[in-house]
Amino acid sequence: MKNLKLASRAAAEQTVISVGDVAFGRDFVVMAGPCSVESEAQTLAAACAVKAAGADILRGGAFKPRTSPYSFQGLGLQGLKILDKARRETGLPIVTEVLDPRDVSWVAEFADILQIGTRNMQNFALLKEVGMSRRPVLLKRGMFSTLEEWLNCAEYILSEGNPDVILCERGIRTFENYTRNTLDLSAVPAIKELTHLPIVIDPTHSTGRLSLIGPMSLAAVASGADGLLIEVHHDPKTALCDADQALTPDLFETLMRQLRPLHAFMRSIAD
Amino acid sequence: MKNLKLASRAAAEQTVISVGDVAFGRDFVVMAGPCSVESEAQTLAAACAVKAAGADILRGGAFKPRTSPYSFQGLGLQGLKILDKARRETGLPIVTEVLDPRDVSWVAEFADILQIGTRNMQNFALLKEVGMSRRPVLLKRGMFSTLEEWLNCAEYILSEGNPDVILCERGIRTFENYTRNTLDLSAVPAIKELTHLPIVIDPTHSTGRLSLIGPMSLAAVASGADGLLIEVHHDPKTALCDADQALTPDLFETLMRQLRPLHAFMRSIAD
Amino acid sequence: MKNLKLASRAAAEQTVISVGDVAFGRDFVVMAGPCSVESEAQTLAAACAVKAAGADILRGGAFKPRTSPYSFQGLGLQGLKILDKARRETGLPIVTEVLDPRDVSWVAEFADILQIGTRNMQNFALLKEVGMSRRPVLLKRGMFSTLEEWLNCAEYILSEGNPDVILCERGIRTFENYTRNTLDLSAVPAIKELTHLPIVIDPTHSTGRLSLIGPMSLAAVASGADGLLIEVHHDPKTALCDADQALTPDLFETLMRQLRPLHAFMRSIAD
Amino acid sequence: MKNLKLASRAAAEQTVISVGDVAFGRDFVVMAGPCSVESEAQTLAAACAVKAAGADILRGGAFKPRTSPYSFQGLGLQGLKILDKARRETGLPIVTEVLDPRDVSWVAEFADILQIGTRNMQNFALLKEVGMSRRPVLLKRGMFSTLEEWLNCAEYILSEGNPDVILCERGIRTFENYTRNTLDLSAVPAIKELTHLPIVIDPTHSTGRLSLIGPMSLAAVASGADGLLIEVHHDPKTALCDADQALTPDLFETLMRQLRPLHAFMRSIAD
């Protein structure tokens, strides 16, 4: 891959990024939680549910990048405080999105992992800013991006001094419209031959369909992914965004009972 | 899905299609062999190798749809006779492509399964002709096709009286160029909720990269696919087409030792 | 472009294909008429209207490639007879689609130009058959095809001995869904530097929106296209296919009053 | 279009945005100049050349969003000072890109029009910031964006109080690789029926090929576009970015001699 230095496969052994009790690049890490933080009650309910089902990290958005300026934009600082409370109650580390370079330093006070969303993958000002942070960065692939462009965005972060980048494939845009996007699962083995950085899969935004999340999560494990980022809402029908695609705690628990054994099995058959 | 009658999910229970000793829709069926039949020696070598490794069906092209008129177009009748000999020697049923409606009836004398290639998915004259055949049809998804269009093409075949259609996802065309196409693995669970027809995955043409075939085959099993269609060549460097993406017999055997146990494991964790 | 011999830019001067009173590659040729031949009255009404407005050639489908097997599939032979009558009454040559290699020789008795549709661009059996015909061939670009693949399909026809191929850009498939497809107008100057074959634009299927047909037809002239293929129906609301995108005779006449002067103007400012 | 209020067609008459001596939405506005400001000599040479050829506005980047962090990133403040000098010498207003919300207020001191690049189309923090500026904003379409998403981004700017948004179509990403992107010229008439905001075309980045820029610029005029954004470099071979696609002053002058008469002609044939 042209121009890659720090992110190239040859530059390092497998990157291992410890967050709480788990490590990306070593363990299979499950991040789960609501799309957006809507209230303390909703966030705590989801946090407790995903914790009980065995999730490793709580996801939840305080800043929401929305297509329309008139859609719910997130609770901001208040949302971060709620996430902080959920962390204290459950012990789960927090991954949350940051949208504005001016917010990076103070959001990093609340977040264990800073998420860069798909629309901001090539927001170079933001990449440089999180590159100067000490928090691990979850870098979503642009829905329009080649693997090469994606890795160059990781390079932006690495070249500012932050070595802890977790790549997240979340679907690319194609002509198919039965699914919200097309999950490019072949990105997993491709990324593993192109870089030493861990890669996780977002089965929720890539498929946009509840019924596909389970099978695609299992397929992600089998493809060699390092983890998952899944939306779970205690009452999806009332969710302020992505109401159609969040798992209920029950569905999530059922899935978790398959994911961990499958991951162990895959290790057992690896050559 | 608009217009679907016979192919719709509600129209029937899971379709089970017996070919030789296996059944699509019941077993996990592995079809393997060379992209094209080049010679008797090459075909028999590949046939014996894939048989030994546990493949269920032999694939091999006697008619090759090639981008350029000046590329190798296949051996035609001679190729079919070679496939016939390979079947007699190994006991493996044959899946082979047909390109022209005028060839369907006599190619069906040699083939156990008739393959419709991606470029011919909407070749309606050809679909109607195989719909009048008694052979099962492997219908590849157009590299440009929505699930709805694909299922309507299956409907063309079913509506002519042939109930035995096996769908084959082989990658769709996107902007990504690291892979030859983008394997849309989410098509597997999507198809399972839209129709009763079995679906298999072609990890070779979808990825176009040797290193991705193994992981994507395993992911296909985990996603719930009913089988695989894989290129195996006894000496890929000398292959007349797709030289870069055919598995050697050794690599195929290694993969088979993971596929069958994984399939059994997936059954064991299914709820 | 790899593999091109007869179709390559270097192989010949501008190809000029005479049909009736006009010549592709020399004149700006307007082909207009209904999507499908539905009845004698409908076809004659459209034929007379487009003749009166200044069209050069009548288009109309007797064989319709439809997504669903249950949609209207065209009148077949009866439709060709109606087109023949329309030709006799108006003097307009006929362009009509052929879908099956078995039909080429007898359809060529009725058609002045044989059309290969977008779904059949890589139907190599059909390409070879029209390559053996003496009729000019209008080769639509696959909605999924690169320019290189398209020109290789032209090469299939040329290499069988038929030098008269007219290329037709009709939109490619992208994520955009406001339009039916995305008209790739840059294909016009690109094709002009890659081959000596004429190229026309289909503004109807590419946009799928009545309001965009006029502006895109004018843009096609300005881009250097050799002609247009436009749907005109005497009563679009009753059309059996593509009811939403056919121009009325009035709209077509208005457009024609702009097209011819614009073409003359473009010639006057060419260097 | 869902959610649109201020940007919707029904919300206002044609928006007219005066910059210097011209007005978007009333005149055909040509913005030309180098991709990036490299030096005072280079910028002044380009500025004088495009002024002499009849351009209305000078384009030039001081902040360059580059795929790789190791590519030339622009001269920043020094580049803006050079643009300011070019404005004083030629009288041409300046359009220049801004990448970071923290830079908007001071870049607006130098720029007559603030450009939002394709990668930042959904950088909502940046959109809100330019929405609070008093400068007109040139909003490029994301290479991955639907018209609806694009207009919602315009809505972000309008809803912050800035009514002066100029839309710029610059090509979308498809499978075609002969061109850099696929210019979606049908966006021009589509946008005209969806909003009152002016729309211009970037024929340089959309095609990425020198030979296609002229024909696509003419086609843009014929489609009804309100202007063009073209790269011109006094010595393209030495350019620090996009060396292959910048017009020389001579080629630009030749094009300008066709553009203005064509625009006048299009007005004369409009009904």
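To keep things simple, chains are lettered A, B, C and D as they appear, and every chain counts its residues starting from 1.
Operating definition for what follows: a residue touches a chain if its C-beta (ideal position, glycine included) is under 8 Å from a C-beta of that chain, and two chains touch if they have at least 3 such contacts.
None of these values were measured; they are calculated from a predicted model.
The set of chains in contact with subunit C as well as subunit D comprises A, B.
The interface with the greater count of contacting C-beta pairs, when A-B is set against A-D, is A-B. Greatest centre-to-centre distance from subunit A is found for C, with centres as Cα means. Note on chain placement: the centre of subunit B and the centre of subunit D lie 48 Å apart, centres being C-alpha means.
Rounded to a whole number, the gap between the C-alpha centres of subunit A and subunit D is 34 angstrom. Along subunit D, residues 144, 148, 173-175, 177 each make contact with two or more other chains.
Interchain contacts join each chain to each other chain, per the touch definition above.
On subunit B, the positions that touch subunit A within their shared complex are 144, 146-148, 172, 174-179, 182-186, 188-190, 193, 206-207, 209, 211-212, 214-216, 218-224, 254, 257-258, 261-262, 265-266, 269, 271. On the side of subunit A, the complex with subunit D involves touching residues 2-3, 5, 65-71, 99-102, 119-120, 122-126, 142-144, 148-149, 152, 155-156, 159, 173. The touching residues of subunit A, counted against subunit C in their complex, run 173-175, 177.
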